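Please go over the structures that come below.
One chain, subunit A, links the two complexes that follow: it is found with subunit B in the first and with subunit C in the second.
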Partner chain A sequence: MDPRQKELLMRIMELEFACIDLDLYLATHPDDTRALQDFKMRSQELMNAKMEYELAYGPLLNYGFGTNPGRTWQWIDEPWPWEINWRRSGT
Partner chain B sequence: MWVYQKSLEYPARVRGPNPRLAKVVITQYGGPDGELAASLRYLTQRYTMPIPQAKAALTDIGTEELAHMEIVATLVYQLIRDASIEDIKRAGLDSYYADHDKALYFVNASGAPWVASYIQSKGDPITDIHENMAAEEKARSTYEYLMQLSDDPDATETLRFLWQREIVHFQRFGEVLDLLHDYYSRQHVFEMKGYDPDKFRQS
Partner chain C sequence: MRRYPPRGDKPFRYPRAQEENESPRERRRLFESEEPKREPAPSKGSPDSGYAMPEKNASERVDSETAGQVSNEPESKELEWREPERPDNGEKTITGMGVESTGLAGTIELATAFVPWQMYGRTLDLREALRLGTLFPELTRTPPRYKKPGTRGEE
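Coming up: the complex of A and B.
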């Protein structure tokens, strides 16, 4: 996996984690407007990062929820999440 | 429905082959307090929840647990992928290898397969949320034991992330429990003052 792809994927994972945690908080605090504002901001950033990633490397989501800009079905492109080496020195 | 996203929730990493660690970490894949049990427990309880916050929390936490199952699977897979037969025998993982090679299977640390009796779905929302809070505590304890057993600092970091999520989920379930108590203590039938049901009763 090239470093640029890895870096962008890591950025997506960070933003998504913020969204997951805010999402759980909002389930029990649906009227917290500050948290909702936070969520909207992060979620917009996440959408932008995902769009950038998918245009360069293919879909992150299946069933048509992602974008396949290439001429072939990029969903099958490796590596799959469990195959990536996230060690700081790794590739 | 569910949609798969081709990324982990956390960048699971290990230093190298370590079948000994894989043998214990796998309990969070298919053990009594593992992530499969957690996700199935929450996703099956949500149908009979009376308030929207509880339905949302169970759906979202249940879904996050599926992502945790994938993180644990990644740890186990990467810990055994490049292990030699000698390493596997020395780690006592040979009995697992005999049945599954290096494939992932839902077992606890001593090899017992996953069973549905690990979880409960009782129908009483208060009972179910208490079950879930206990489940989060049990999973937290298990991650603490696994961190004590781990001799791989990278794997420990990943286990620490999962450990922290148990604490957050416990908090959210506590809030759901509070909301359920509010819901049940609230009056749902409104009586009209001075209303006498017998006054205009037809004989």
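Coming up: the complex of A and C.
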């Protein structure tokens, strides 16, 4: 697996987790403007990272939810999640 | 249906303090000012003491002991009432609803659960947050190490 691809996947996972945690915080603190600002910033970063990944390596989601409709079936060529060794630099 | 925390520009306060519009310190001050004066315990034998058991005469007790007779009257010590001992640490004792508390516990009500309200502060690095399972450093917990039953924990 391309190290750059793996790095992008890791970045997407980190940003998604941060967005989920901020979302949970905002559920009980809806008036916290700082948290809301951070949430908007992180979600924008996440959207950009996903777009960058899909443009370079194909769609992240099935059923056409990705932003790369022309290469919808490319995901079958990617390694499955359990085939990725996150501790090594290679696949 | 009431909603906590309330929306608005005002900073969040705990519901009870908000309802009564007073801080715990203010509540304590009001409580102390309204506390009735504690009457001293009535002396034994006085008409308003409420204890009808007569005190045995000292000379009679000596006579009965010297004569070897056992008195059938119950000991009056069992009926003595004493003021409960309180720690003398300079803090005022608060009495209410049949419970007492001193010191720090005197500023809050007993047997009432309080959940600290989370405030938005520093957030963790995103990679560290993914590893620890939370974005907030105040919510990180170190899970206890799993100990296999029947071992000392080395395995």
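We take it that the second predicted complex is superposed on the first by the 82 of 91 C-alpha atoms of A that agree within 3 Å, B and C clash if a C-alpha of one lies under 4 Å from a C-alpha of the other, contacts with A are read in each partner's own complex, and residues count from 1 in each chain.
Here is the rule we go by: contacts are C-beta pairs under 8 Å (C-beta built on N, C-alpha and C of every residue); 3 or more make two chains touch, one makes a residue touch a chain.
On a predicted model such as this, the values are computed, not experimentally measured, just so you know.
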Given the touch rule stated above, what does A:F17 touch, subunit B (first), subunit C (second), both, or neither?
-> both
Touched partner set for A:Y63, first subunit B, second subunit C, both or neither = first
Pick one for A:Y25: touches subunit B only (first), subunit C only (second), both, or neither.
-> both
Check the residue A:W80 against both partner chains and state whether it touches subunit B (first), subunit C (second), both, or neither.
-> first
When the two structures are overlaid on chain A, which partner does A:L8 contact: first (subunit B), second (subunit C), both, or neither?
-> neither
Just subunit B (first), just subunit C (second), both, or neither: which does A:A35 touch?
-> second
Which partner, once the models are overlaid, touches more of subunit A's residues, subunit C or subunit B?
-> B
Which subunit A residues lie in the overlap of the subunit B contact set and the subunit C contact set?
-> 10, 13, 17, 21, 25, 28-30
Report the residues of subunit B in contact with subunit A in the complex, numbered from low to high.
-> 3-15, 53, 56-57, 60-61, 64, 70, 73-74, 77-78, 154, 168-169, 172, 175-176, 179
Note which residues of subunit A are touching subunit C in the complex, please.
-> 10, 13-15, 17-18, 21-22, 25, 28-32, 34-35, 38
In the complex with subunit B, residue positions of subunit A that touch it | 9-10, 12-13, 16-17, 20-21, 23-25, 27-30, 59-63, 65, 75, 80-82, 84-87, 90
Footprint of subunit A on subunit C - complex, ascending | 5, 7-8, 118, 120, 123, 126-127, 129-130, 134-136
